[in-house]
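First subunit A sits with subunit B, and in the next complex the same chain sits with subunit C.
On to the complex of A and B.
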C-alpha cells in the first residue's frame, strides 16, 4: 500500500508529486502548440474563470471522496445557491451579506442531510445524493415556477465578487486559491483532516481507535455542500440573472477532476492540491476544444473517456 | 393469516402501498377511464422493460446508471436505420444497447471499476456520442410500420411486449440454473467464485441484458412518439432504481425479483399518473421521485444496520 496514513497522503510537499502535474504541463504545451489563441491573456483568464467554478465544487467532492463517499448532489446545490442569491436581492450591505451567507448555509444544510443519510443510516452515497439532486432541482424549479430568475436589485459590491479583476485576474480565482490553501492545510495538518483520511481508509478500524466516524463524515458532506453553494453564489454574481434549467451538470466534470487528480474511489487517498491540477487539465482541454470548434457533445464524450481512463489507470497502479 | 397471505398483503398494501394508492386515485375523476388506463399502460411499459434489466443487474450486485442514455441511443439508432427495414431497425436498437451494456460490463468485470462509476461514464459517453451524431436535434420517422409498433388497441403492443419480457426474465431467474447463479453472485461474489461460478461472465451478461433491454425500450418509445430524441431518459435511471428498490431489490445485491419490480413499477407509474391528472407540475414530480429514492436508500441502508447489529 502506498497510502499508509499519516506518512504519505496528506503532507503538503512532504510526499511524491502526483503524475497529474506532468499531465498538466504536457497539456499546456500541447494547447499552446495547437492554437496560437490559447496563450493570450484574455483566453487564460477565461480558462481560469471556467475552471474555478467547477474547481470549487471539485474541492468539496475531493474531501467527501477522501472520506470514501461520493457527492453527486453538488450540481443541484450550485443551482439552488445561485437562485437563492438572486431571489434574496443582493443589494446594500445587509442584502449582499445575506445573499452570500444564506445560500452557503443552505448548501451546508443539504450536505448535513446527505451526511446523516450516508453515515447515520448507512445509505449508499451515490444513489442517496442523486435522489437529493432530483429533489433539489424539483424544489428550486417549483419555487420559481420554472421561470427565468432576475434579482430585484444587484449591488456593485456583489457583482464585483465575480467580475472584479485585480491585477487582471478574475476575483473568483483569488477565492479559489484561498479555499485551496485552507483545505490543503486542513486536510494535511489538522486532526479533522487525519480523521477524514482514516475513515476513508478503514471506517471500522478508525471507529475502534476512537474516531467519531459519523460526525467526521457528516462534516465532509457539509463542506462539500457549502463549497458547491459558494460556486453558485459566484455564478449569480457573474451573470446577474439566470435560467435555472441552464445551471447544472457541474457534478460530472467535478467528479472527473477529483478522480483524475488521484483521489481513490474507495477513499483514504487523495489531495485537494492534486484536484486543482486536474481541474486545470480539464478546463484547458475543454477550452482548446471550444477554440477548435468541437461542441459540447464531443466535450461530453471526451470527459467520459477521461474519467474511465483515469479510473482504470489508478486502479491498475493501485493494485500493483 | 398464513405466511403466504401475509407476504402478499405486505407486497400490495405496505411495501409499497399500491392498493391504498389505487383506492385513493379512484377519487380522481377519470383515473380508471379506458383512456387513462391506456396512457398508464403506455407510460409504464417502456419504463418497465428498463426496470427488468435494472433489476437483473441489481440482483447481481451491480447498478446501471446508463439506462436512460442507452434508451435514447436505441431510439435514435432505430429511427436512423429504418430505411434498411423494420427488422434491421428493431434489432439494431437492441444490438446498440447490448454494445453499451457490454462496455459497462467490461469496465466492471475486467477493469474492476465500481459499477456506479463505470455506468456513469458509459452514460456520459453514450449521451455525448448521440448528441454529437444527431447534432442535438431529434430524428423524425414517418414510417407507417414503425409508428404502428407504437400503437396497439385496446392494449398497446409495448405493454404486451413488456409482459412477455417480464415473464421470460422471471422464468430465467427462478427456473434456470443461470438465475440461481446470478442470485449467488449478488449475494456473495467470493463464495460464488469459490464454488466454481464464472462470476465475471455472469455479471457481464447481466449488463449486456440491461443494455439490450434499454435500447429496445428506447426503440418502442421512439415508435410511439415518431421521433428518436437524443435527450430523453435523463431521469430514467432514477425511476427505474426506485421501482426496483420498492420491489424488494437491494443495492447490496442478491435480492429482488421481477414480480416485485413490476409492483414497484405500477406504484411509481400510478403515482406519476395520478399527479399528472391532478395537474401537479413536473417539478413537484421530480421532488417526489427524488425524495422517495432518498428515503428508499436510507431505509435500505438502515435495514442492513439492523440485521448486522
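On to the complex of A and C.
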C-alpha cells in the first residue's frame, strides 16, 4: 500500500510513519501560536523534563504491551524506587551507586514476579499488576510509617542526575534519549525484540514455532519494572525528599502515551519511538494548559479524552 | 521392513483432567513413507500430532527417534530431531511478515548478534518461490495474505530445515482444489526424497491415493491399520465410523 496518509499505526518492520508524528507537528505549531511563552528555551526544557519521567515509564509499558500484556504496577514501582533511593542515602560514591542500582534491580525483580504470574501461571496481567501496585504501595507506606521521606545526606553527583543541564538540556533527557535508542534497536533488530512482537501477535503459534514465550514475556515485565524504577530514581534526585503518597499515578499518563503512539492494546504492533512522539504531544498539551492557567481537573479531563479518543480512532482505522 | 524407522511411538496415552484423549497408541513412521492418520472429529489426531511435535508431553508411553528414546520439552526439541510440523491452525504469528514467520524461533543473526533481516528475507523468498512462483510481496503481515499463501508459509518453513519426519495436520482443509493438488504433488516429492510423512486428513479419497499406510484412530485408540494399495474408500470410511472392518456379508455400502 502506498497511501500518502500513512495511517497504519506502527507497522512492524515497515517504514511507514505513524500518524502520531503529524499530530506532534500540529501540536507544536498550535502551541507556539497560542502562547508566545511556549517556545522559550526555559519552557521547552521544562516540557522535556516533565515528559521524560512519564516517558521512561511509558517505554517499558510499550514493550510489555507489544508482548500483549498491560503493566499497571509501574506507578507504584516509581514510588518504591524513589523512596528506596532516598532511604539508602545517596551520598558518596558507594551510596550513590547503591541508590541508583538497588532501586532499579528492585524494579526489575518486581517485573520478574509480575512476569512469572502472567506468563508462567497464566494470570491476567491487569489484575496481577494492579494487585502488585496495592502490595507495593502498602509495603512502602508501612516501611516509612506514612511519613515524609528525607535522605540523611544527598551528594551533589546524585542531584546532578536530575538537575545537571549540559548544553542547557536537563540531564534526564539524555538518559531518556539513550534508553529510546537502545530500546528501538532491541525491538526492531534483535531476536528478543522479534519474539516480543511474535508473542504479542499469537503466543500459542510462537510457542509452537519454538519461541520461549515464558522467558521472553518475563523479560518484558523486567524491562518495564527497571525503567519505572529509573524514573523513580530520577524523581528522587530531582526533589531530594518526598511525600510517598504524593508520588504515583504515573501508570495512566504513561499508558495514554503508549496507546496514543499506536501500540495495539491486544499486542503485536507498536514502536517505542512512536511512544516518544505521544509523550511529547501529551507533555506539550499539558504544558500549554498550565501556561493558559487551566487547572489540574481540566488537564485530567483532556487526558481522558485523548486516551479514549486514541483507542476509538485506532479501532476505527482497523489494523494494517 | 527394509526402510529405516525414523520414529516409533509405543503405548502413548494422554489425559486432560478426566478426558482420555489417547489410550495407548503405537505408531511407526519410516523413511519414504506416507502414513495417513484418519478418524472422527475428536478422535485424538491433533493430540497425537502435538505430542510428536513437542507441544506437550504424553501422560505415558515412549517416543523413539532413530531407535533412541527421547523426551521433548518443547517444539524446538522435536525440531532438533528433524520432526517438523504443519499445524491444523498453521501456527503463524499474524502480525509478522512471511520471513519473520519462516524463521520464527530460529532466526538468523549477523556477526554482531542482530537479526539478519536481509538474509532471512532472501532465504524465505527463495523457499516460497520454489513452492509457488507467483508468491511475491512476502514482506507484509501474513494476516493480509490468502489462505493458500499462509499455508505456503507454514509448509515452506517446515521443509526448509533438515526434516526427517514431516507432520501435516489437515494440510488442505482451507485450500481450493488447485492448491490441494499442489500439496499432493509436494507430498509425493518429499516422499521420494526419503522423508517420512504423517498426514492427518478427513479426505479419505485423496488419502488412499497418497498414503502407503492408513491408520484409523477412534476415541483415542488405533482400531485398524490398512495398506492403502489394498483397501478402498468404503472400507476406510467403515473403519472410521464403526471401528472395525466391514463384514463381507454386509453387502454394498449405503
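As a working rule, the second predicted complex is superposed on the first by the 304 of 320 C-alpha atoms of A that agree within 3 Å, B and C clash if a C-alpha of one lies under 4 Å from a C-alpha of the other, contacts with A are read in each partner's own complex, and residues count from 1 in each chain.
The rule is short, and it goes like this: contacts are C-beta pairs under 8 Å (C-beta built on N, C-alpha and C of every residue); 3 or more make two chains touch, one makes a residue touch a chain.
The structure displayed is predicted, hence computed values, not measured ones.
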Spot which of subunit B and subunit C makes contact with more residues of subunit A, would you? B
Touch test for A:191: subunit B only (first), subunit C only (second), both, or neither? second
With the two complexes superposed on chain A, say which partner A:269 touches: subunit B (first), subunit C (second), both, or neither. second
Touched partner set for A:126, first subunit B, second subunit C, both or neither: first
Once the structures are superposed on A, label A:211 by its partner contacts, choosing first (subunit B), second (subunit C), both or neither. second
Please work out whether A:246 is in contact with subunit B alone, subunit C alone, both, or neither, and reply first, second, both or neither. neither
Using the touch definition from the top, say if A:202 reaches subunit B (first), subunit C (second), both or neither. second
Applying the document's definition of touch, where does A:299 land relative to subunit B and subunit C: first, second, both, or neither? first
Subunit A residues touched by both subunit B and subunit C? 319
Listed in rising order, subunit B residues that touch subunit A in their complex are 63, 107, 111-114, 116-118, 120-125, 127-132, 136, 235, 237-238, 241, 251, 281, 283-302, 304-305
Mind listing the subunit C positions that touch subunit A in their complex? 53, 55, 74-76, 79, 85, 87, 89-97, 100-101, 104-107, 109, 113-115, 117, 139, 141, 143-144
Touching subunit C in the complex, subunit A uses residues 11-13, 185, 189-191, 193-194, 197-198, 200-202, 204-212, 268-269, 319-320
Please name which positions on subunit A make contact with subunit B in the complex. 70, 117-118, 121-124, 126-128, 130-139, 141-142, 145-146, 252, 255, 259, 265-266, 295-305, 307-308, 311-312, 315-316, 319
